[in-house]
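The following pair of complexes shares a single chain, chain A, combined with chain B in the former and chain C in the latter.
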Partner chain A sequence: MYSVLKSEKGGVFAVRSLLKRLLTENMVDAVFVAAKTPYSDLPMPTLISSPENIETADPLAPVAPFNASRQASILLRSDTGKRLALVLRPCEIRALIELVKLKQCVLDPAILIGIECKGRMENALFLEQEKQRSGISISFYQDDNLKEMICSACNVCDHFQPVGTDLTLSVFGVQISTGIGVEAESETGTDILKKMGYSDVQPPAEREAELRDLQQQRLEAKSVLMEKTAEDIKDIKRFETLIANCLNCSNCRVACPVCYCKECVFVTDVFAHEPELLIRRAVKRGMIKMPTETTMFHLTRLAHIGHACVACGHCTSVCPSGIPVADFFITVGSKVQDLFDYEPGRDINEPIPYLVFEEENQ
Partner chain B sequence: MNDQFEPQIIALVCNWCTYTAADLAGTSRLSYPSNVRLVRLMCTGMIDAKYIIKAFLDGADGVVIGGCHPGDCHYINGNLKATKRIYGVGKIMEQFGFEPDRLRLKWIGASEGLEFQKNMAEFIETIKQLGPSPVKSRMIL
Partner chain C sequence: MKRDQINIGVYICHCGMNISPKVDVEAVAEFAEGLAHVRIARDYKFMCSSPGQEFIIDDIRQYGLNRIVVASCSPRMHEATFRNACETAGINRHYFQMANIREQAAWVTLDTKEATAKAMDLVAAAVARVTYHRPLESREVKVNKSILVIGGGIAGMQAAISSGNAGYQVYLIEREPSIGGHMAKFDKTFPTLDCAACIMTPKMVEVGQHESIRLFTYSEVVSVEGFVGNYSVRILKKPRFIDESKCNGCGICMEKCPIKKIPSEFNENLSFRTAIYSPFPQAVPNTPVIDPDHCRILAENKPCGACEKFCEAGAIDFNQQPEHMDITVGSIIIATGFKAFDPEPLVQYGYGIYPEVYTSLEFERLNNATGPTGGSILMKGGDFPKRVAIIHCVGSRDAQYREYCSRVCCMYSMKFAHLVREKTGAEVWEFYIDVRSPGKLYEEFYNRVQKEGVHMIRGRVAEVTDILDDPENSEDKGRLTVVAENTLTRRMLRIPVDMVILSVGLEPAEGAGDVGRMIGVSSDGNGWFTELHAKLAPVSTVIKGVFLAGCCQGPKDIPDTVAQAMGASGEAVALLSKGTVMTRAEISFIDPDLCAGCQTCVEVCVYNAIDFDEGRGIATVNELLCQGCGSCAVACPSSAASIKHFTNRQVMEELEAILI
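Let's look at the complex of A and B:
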């Protein structure tokens, strides 16, 4: 079921009125959505329960300070009996689905509202642009110059349509200054739209073509990036050059939505080396860089969660040394995903490859 | 050049099958090249990717994992759990220039001392053909 939510003030207002009605008509107890705090223009994931606070919600702003799936999974850790509507980007939903598979949270209390995503800007760039021209949540969808400012991972993302949602907010083929499309993807979604009195209409004619064009453009960009990165890491010397400025700060691990261990092995005693061992290594090799285990960290992270990488690009965004972490995660991750014919977040019932095994495997 | 090259091989072997096979090879006085360093684990199912990565980054020229034949695992299915994990690591190491042949998974039962000897000798031969591991000659961060 496809409907159009109209608002002469723009798509954001249409989304707000939808979310507001969810609250006022008691369909949900709270809404989890990106919203501006009183102190900054940067929308943060917020949990809103009072309808008037919905005015701050800004889910269409082309920015995501971090992958909100982690925060969503905290809210969904157990079924509290309260209904929650969560407005998330496609990469956030895919990560959330991976977290459900990893038994970190449940989706029973959730109404998932996905956004069709045209990409996000880096936080600093967004704040700068927002200062220059207010209303970036609308102009981003109309101004091609702004669209080119999205971050590198978004540039190669071909998962701009959310999957596994109840409702999808549709920005393709829609004039965002006049409203936004909404598509019901599940029975719950259809019920909500019917209850709100929206009528089923034909999706705009340009929608399919727009989606197809972007898909093709992104796939091309992705294969260019993967080819380049494969070249950059094709032997250990090149890889060491790529990660040479790594500070071992673990920001990438913290930002990663699917790196879910409560205590990472890299902060345990396993890697808290005795001085004797470090000196022995230095003697053996002539010299060692401190802190050690930089390569080990990146390769182990690849091996642990490469199959689940949703390519959100937040690892690159948070790197203080500008290392393109996401680039080699996307490149190597997709090889592992191809090996197991697995796609993270594609289907909640698709088991994680490492957790199932067939007897006939030799 | 390769004639002088003596590879260092790390063998991660399970307590119940491959380690016992190595023991049997010893007691049967079967000799095999001394390049292999055995690490005894309770089960191949406990092998984490980082063990293999660590071995390679510390300069191992090859890593061989030996476990029970499918169906024979002392812990029912530990070896099957290991299988995919090892395939995954192999795929990843391949992207960074480690030849896939440097990592081998072999099922060797407790009674197969001869099999163990043959496999190790053959694996060492493969690694000798490949030459020293690319990390040997350089600093690893």
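Let's look at the complex of A and C:
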């Protein structure tokens, strides 16, 4: 079922009124959505229970300070009996699905509202642009110059449509200044739209073509990126060159939505070497760079979660040394995923490849 | 223990002339002495000898050593020896590490300098590792003094009898209505031509009457859980529809059953049986079963009840249901046997196309006194064959089907040749690749058969066809032609024959894979169960307390099968006779502080040894079930799961010492 939510003030207002009605009509107990805080223009994942506070929600802003799935998974750690509506980007939903598979959370209390995503800007760039012109949540969808400012991972993302949602907020083929489309993807979603009195209409004619064009453009960009990155990581020397400026700060690991360990193996004592070993290593090689485990760190992360990488790009965004972490995760991740015909976040019932044993694969 | 209290003794073994000429053992000892925490390093001719072990014991006592490294051979050889020495001297047996400088350095390195350098690296690794060793203890657990035998062929029967004779409670499970297996189908056995029934039926009766053997026929094992000494086994007893306690085996039911045209499985479909049937006259138990797929009442719900009417014992019970029985055993002997290769895919041999092409099992029945012809070797038309071809290696030694030699076909083929000559006087041609007769009296039998006038032709048969060379020749009318090259004379042969016997190879029994998966015993590429060690542990498996007997491990003749069954029984009895087993010390441990509760380990554990504690949201290890395989440790990304004695830290330190 497809409906159009109209608002002369623009799509964001239409979304807000939808979310507000979810609360006022007691369909949910709280809404989890990106919202502006009193202190900054950067929308942060926010749990809103009071309908008045919905005015701060800004889910269409082309920015995501981090992948919100981790915060969502905290709320969904167990079924509390309370109903929650979660407004998330496609990469956030895909990560959330992976976290469900890893038993880190449950979806029972959740109504998933996905956003069709045209990309996000890096946080600093967004703040700078927002300062220059307010109302970027609308202008982003109209101004091609702004669209060019999205981050590198978004530029190669072909998963801009969310899957597995109850409702999808649709920006393709829609004049965002006049409202937004909404598509019910589940029975729950259809019920909500019907209860609210929306009628089923034909999606805008331009929608399909717009989606197709973007898909093609993104896939082309992705193959260029993968080709280049494959060269950059062709052997261990080149890989070490690529990550030469790594500080081992672990920002990428903290930002990664599917790195779900309670404590990373790299903070356990496995890699806490005794001084005698480090000195012996230095004696044998003449010198060693410290910290010593940067290559191991990245390779281990690739091995652990390459198959589950949803290509959200937050690892690159948070790297203080500007290492294109997401580029090699997207490149290696795609290949691993193809190998196992696995797509992270595609289906909650799709088993994690290393937990499946197929006799033919012996 | 604080790290500065670690005192390591390092011992470099010469292994006679195995290590010392290649590795400069003195230099390695000197190098070891310079490593951190090493208090003393020595070299000695044979560390595994009594004086060698005494060195270690004395040094531990004199120098207060608390870690020992021996650089010698493989831990598979002498790890236990040196661990025992450590224990004797009063330190934990896991405060020991072995560096293999024989197989991994001396034997595989040409250059002395390189071998010495590598030995030094291996010693450094062992020293680095041993500093992170932790004391570990095993626990003693009681075992259940009973044995499960799966499969009631000659292997399973022998294993049951031997174990029962030792005084252990035995449960013998057979899925067919009677025990006996393939051997019960044979008439004569090579090379002595003993009557199979004469030597086998006493064993069957013994099994049936043995006070220590509980026989479950027409039953299957449906689940196996637990660990050595304490396996919980669930058995499915299929309904016979006959009350075993009432049936006296008179057989009147089989006479009266009106459904008489069911192909007899036991006779390889060469004759018919009734819907209520006993597979063969000497069946044990002598209780028939009703085939629910063909019985008028059970299959079609039509009025009949002939068997019920005539059964004086009142044993017929159409309401019998499948029953589950739960037993606990200490040990399991798998004896699931084989199935004969189906030659139909080899269309060139004409099986299933020409009626006079038989498989070897069909021929066994044809020749058997209880078979379809009462033991006369007759063609389908009722005449004796005058010319018979026997084709060896059908399905065996064939890269397209089974690469291996099935071991028994040459011998039984020659037995067939002898029997055909003896009973019919027909001319016999045997087509072979090589004749394999390595067994007691086997070669002698081969010579005997040749002297009896059997034509032995070396060459793989190209084709069996009904196209005759000379259709005008009335004598050959209706005959088949066997086309082959005699590779010794390099001549093409086209031999008209009346009957062709395909000596088909052996394959693992239907369902053997399921039994293996249930118990956790692995199979090789062909589906045969894998023994623990091809030479030194041929009846054991990787699962402690589970043993193999007979053809389920690979093709075998009867003497080898019986010997292996006795071996398996001996191993099972030896294991249980002590009354207790030690648990493994090197098992998984899940750190509750690190566990994120993702349950990946639960899913990858093939031993069902990991449970999820819902309350605490973490995974926990069942120490009795865990085999220490390490799957969980590999799968766990945060290393919450690790294997004691193979912790990440221990392995990383070992690697680091080599790699830096």
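Everything that follows uses one rule, which is that the second predicted complex is superposed on the first by the 359 of 362 C-alpha atoms of A that agree within 3 Å, B and C clash if a C-alpha of one lies under 4 Å from a C-alpha of the other, contacts with A are read in each partner's own complex, and residues count from 1 in each chain.
We take it that a contact is a pair of C-beta atoms (placed from the backbone, for glycine too) under 8 Å apart; a residue touches a chain by one contact, two chains touch by 3 or more.
Keep in mind it's a predicted model, so treat the numbers as computed, not measured.
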Clash or fit, chain B versus chain C on superposed chain A: clash
Contacts of A:147 with chain B and chain C, given as first, second, both or neither: neither
First (chain B), second (chain C), both or neither touched by A:102: second
Partner chain(s) touched by A:346 [first = chain B, second = chain C, both, neither]: neither
Residues of chain A touched, compared between chain B and chain C (which is higher): B
Which of chain B and chain C A:304 touches, first, second, both or neither: both
First (chain B), second (chain C), both or neither touched by A:21: neither
Which superposed partner A:289 touches (first chain B, second chain C, both, neither): first
Chain B versus chain C as contact partner of A:280, first or second or both or neither: second
Which of chain B and chain C A:354 touches, first, second, both or neither: both
Partner chain(s) touched by A:261 [first = chain B, second = chain C, both, neither]: second
Footprint overlap on chain A, where chain B in one structure and chain C in the other make contact: 265, 285, 304, 354
Chain C contact footprint on chain A (complex, rising order): 102-104, 260-265, 268-271, 273-274, 276-277, 280-281, 284-285, 304-305, 352, 354-355
Chain A-touching residues of chain C, taken from the complex the two chains share: 3, 36, 128, 593-600, 603-604, 635, 637-640, 648-649, 652-653, 656-657, 660
List of chain B residues in touch with chain A within their complex: 49-50, 53-54, 57, 70-71, 77, 80-81, 83-85, 87-89, 91-93, 95-98, 107, 134-135, 138-141
Residues of chain A touching chain B in the complex: 230, 233-237, 239-240, 243-244, 246, 265, 285-289, 292, 294-296, 299-300, 302-304, 306-307, 331-332, 335-336, 339-340, 353-354, 357-359, 361-362
